[in-house]
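What follows is a pair of complexes built around chain A, which joins chain B in one and chain C in the other.
For the complex of A and B:
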């Protein structure tokens, strides 16, 4: 069934090309054997992928980003699930305000957030620490987990919880045995999305890192400001591959369209 | 002493009076239905008994104990929800065993009791299924089993059959009645479906706009409705506006559109009343014995019976007749109708005139 007109098809095609083209170029360039950026590569090879292994800086930065992503996504999840329960279930004055506040990191420009975080961390003498970085990332990725947890909670039939109560379960037991297992796919989806966001977060991080806490995106950014060798493209290709793998996993676990569009629109 | 007593139960949501001064006693082992259209307060009443809503005033007394300060999870009631509310991530066995687990029943005993209750609802052999792999009727049975296994003093059923298709619903009505009687559990059912209420209940409490209109056995309520709301909500009926002229211990005389009708003895003073006449009580007769005569305007064949509309001097009358395999009067035919005086129900035109 074709419902789209020619113009719409053309637009969609251009849009997809525009999205995909940079990725194709980056991935293409990463397979060159020359010392400069070249597309398409005249002599394909894995030279720059081997170069990653001989650059411990990049590997350290990647490990740090990994650790940061896991820590900040976990912190944000632990905070977002109770918040989502309150917002999704209870009616109290200021509920909408609270929800907007929690989602506001999506709307505030990240540069502004970065400056704010820098000032704040300096004030409490946590500038440049990993935990400070993790807390800032937690703020930035909080909305992702909140939204997905909220969708899962709102989609949950409340009489299921009432049934558990009527059978003698305490509130804590209801949460542990009924609510949490049932919203788990949404919460996990949120965690992974948040992890990915933290993993390639650049703008905020630039403001608040120091040389000992350089994340992978910042490292790449610094590298490209100094040299233009194809090393950045091979690192990028590795990152793209990593992200795609996670996305495939999420899709298998939960369904990507449900995750990104939201439960209600299905 | 009654097992469950609702005393002057009232629930107000802001300006809305959802349940108003509702008083009802339910005896041990009895099956009582709260019947009414949506928004009549029947579900709110059930929620208050369950402990999910707090009454604005009035008392709920179960086994002589006031439930006011007893939280929902300590009331020990079995509840079957409209959506069944099964735990989707647990097997049938885990679903049914959940209440026993919460009560600290040892696993070995738990397994035995779960097996027994699954036999009662005819689901033996499906203990390891997940709810999503079951049909609507089967899920319904799991929900009933889960509520019964804790041996509740009281079983609450919230529109339990409304998600089933018509054929399955009839089957499940008989099943529910059998299960309830075998378990011997006192049951309160909330429903908007009059045939469900009639098929299942010992007594029906008809509600309208938060108020209890009438309580009685299904037969009593059907045969002797006290208001036009009750008479029209349970089954089909002809409601006629009439004037009560004369009341004697032997019977009464009514005038409807200038036609004089004989009625049963009534507890009313002469004046305007409503009269209800069930379509199945209207009979065909000859011109000499007719109460009224009229012309058939419509005729519908329903398989086991014929439903006809007849235009008469007292108004349009519905008439149902058993299909006996012979032909029935066609539209346009003149027919002569009769019924015996005791089949007219005289109803208060408004509630204040009830005696």
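For the complex of A and C:
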């Protein structure tokens, strides 16, 4: 294969600029000391980062989003791993239908899901509760965990399990001591992807939160659509930093391309 | 197969199935039923069952405009993603492993960063006094700011940034399936790099382009954050209209009807597209 020409490298460079420009701008603006959005900042300072600390709303929202992400990703993982074992290992009538159902939250427009959840939670008087939010998020992020768990289970060498069974291990022991440790990287990758998706989720949450359960993306969205002060950029910079840390960790643990490649080839 | 092993897969998936029956199918059915109810500003939601909301939507040019705008923005985003994403995926594919994985991190990384944050970046870039306009005016290319905020082109630019990683991933998957010998054969016969790309590589990655396009189109048609922030209150698309009906005017039945129309049209487009792909490239999908 020949190497890329000058034009190709130029195109690629411009493409990278396009991809990182909005993030660079947000980070740049957050270091201004003025009361308006300017880039590059004329008087650099940490004024708007100190403003986060005096704004308990944003901190509360961030803590809530963390709690919500951990809860919903854990619920979805606990439910998705057994389902993935069934779909990946067994042949049974209705298997394809079951798999399509479990992946269907990816096909339904999120705004439609948000509307449905709002109607449902209102009728059972659970609208705005954390557990209601967590269960709805669990449905939305379920496909990510299912897909990565399935990939891990299908790629598993079953001879180790057979050896354990032949040595007299019960099926629970085989799962706990053999299967689970072997599929752990895939399950962990799925958990992290699901956690981030829940942490960033806006469209479903905005329908089913109430003022006391406002998540960080919803808080940020409301702030952006109502006012423009650099506070939104310093909060965003903190979110970018948090995500980049997780991203580097995942890349080291599992490989970012492997984690995301399923998203493009579904 | 004995009885116990026949029940095993269902026992394993029973907890997940319960969650999906309670929190996916029930809400969707409820939304469907809600869309046939009626709404009165003083009396609230009435438990009627007729096509009033659908007739309202289908007989009002206001809603036609919203749906036309939604699908045109989605189409434009898809086309831009193909034009920019396919060459970039191919260039990345030809790079050395180090640069390839670095670029992967830069291009796929934004997928994990909140859409709200990314759209905020575009809001700062696209404004009348934003970086792009002031930059273009400083070098004298334009004399007046080019209006991009609160306009469809602005939404398409910001949405392309959100969607293009999905296109690159889809094309990447089919680039890995193609036979590298075909490129070498074309090169050894004297074909230039552009000829190789258009005549040899492109035809082989068309299945990837098609599945990526479907993904990008359906996600763009139902996107909320980007059109809400860049488009603002006046440039409405289907999803922001649903939000306004539910949270602003509180006409839930009408909002539900718009949501159902959006859902059904996206599903019809996806099924038709899949049919077309399967008929044309039945051998190419593994």
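Here is the rule we use: the second predicted complex is superposed on the first by the 246 of 266 C-alpha atoms of A that agree within 3 Å, B and C clash if a C-alpha of one lies under 4 Å from a C-alpha of the other, contacts with A are read in each partner's own complex, and residues count from 1 in each chain.
The working rule: a residue touches a chain if its C-beta (ideal position, glycine included) is under 8 Å from a C-beta of that chain, and two chains touch if they have at least 3 such contacts.
What you are looking at is a predicted structure, and each value in this text was computed from that prediction instead of being measured.
Participant: Using the superposition on chain A, decide if chain B and chain C clash or fit.
Facilitator: Here the two partners, once superposed via chain A, fit next to each other without clashing.
Participant: With the two structures laid over each other on chain A, which partner does A:173 touch: chain B (first), chain C (second), both, or neither?
Facilitator: After superposing on A, A:173 lies in contact with chain B but is clear of chain C.
Participant: Using the touch definition from the top, say if A:157 reaches chain B (first), chain C (second), both or neither.
Facilitator: The first partner, chain B, only.
Participant: Calculate the angle at chain A, using C-alpha centres, between the directions toward chain B and chain C; round to the nearest 10 degrees.
Facilitator: 100
Participant: Quick one: classify A:247 as touching chain B (first), chain C (second), both or neither.
Facilitator: Once the two structures are laid over each other on A, A:247 reaches chain C alone.
Participant: State whether chain B or chain C is in contact with more residues of chain A in the superposed arrangement.
Facilitator: Of chain B and chain C, more residues of chain A lie in contact with C.
Participant: After the superposition on A, what does A:196 contact: first (chain B), second (chain C), both or neither?
Facilitator: After superposing on A, A:196 lies in contact with chain C but is clear of chain B.
Participant: Touch check for A:131: first (chain B), second (chain C), both, or neither?
Facilitator: Neither chain B nor chain C is touched by A:131.
Participant: Once both structures are aligned on chain A, how many angstrom separate the closest C-alpha atoms of chain B and chain C?
Facilitator: So the smallest C-alpha to C-alpha spacing between these two chains is 9 Å.
Participant: Under the contact definition given at the top, report the residues of chain A touching chain B in one complex and chain C in the other.
Facilitator: none
Participant: Give every residue of chain C touching chain A within the complex, in rising order.
Facilitator: Residue positions touching the partner: 5-6, 8-10, 12-13, 15-17, 19-20, 23-24, 26-28, 30-31, 34, 84, 87-88, 91-92, 94-95, 101, 103-125, 131, 158, 161, 164-173, 180, 183-184, 187, 193, 211-212, 215, 218, 221-222, 224-225, 228-229, 238-239, 242-243, 246-247, 252, 255-256, 259-260, 262-263, 266-267, 270.
Participant: Using the touch definition from the top, list the residues of chain B that touch chain A in their complex.
Facilitator: Per the stated touch rule, the residues are 50-52, 72-79, 81-83, 85-89, 98-99, 102-103, 146-147, 150.
Participant: Any idea which chain A residues touch chain B in the complex?
Facilitator: Checking each residue of chain A against chain B gives 157, 159-160, 162-170, 173, 177-178, 181-182.
Participant: Of all residues in chain A, which touch chain C in the complex?
Facilitator: 1-5, 8-9, 11-12, 15-16, 18-26, 29, 37, 39, 78-80, 82-83, 85-87, 90, 92, 95, 98, 101-102, 104-105, 107-113, 115-120, 123, 135-136, 138-139, 142, 196, 199-200, 202-203, 206-207, 217, 220-221, 224-225, 232-233, 236, 239-240, 243-244, 246-247, 251, 256-257, 260-261, 263-266
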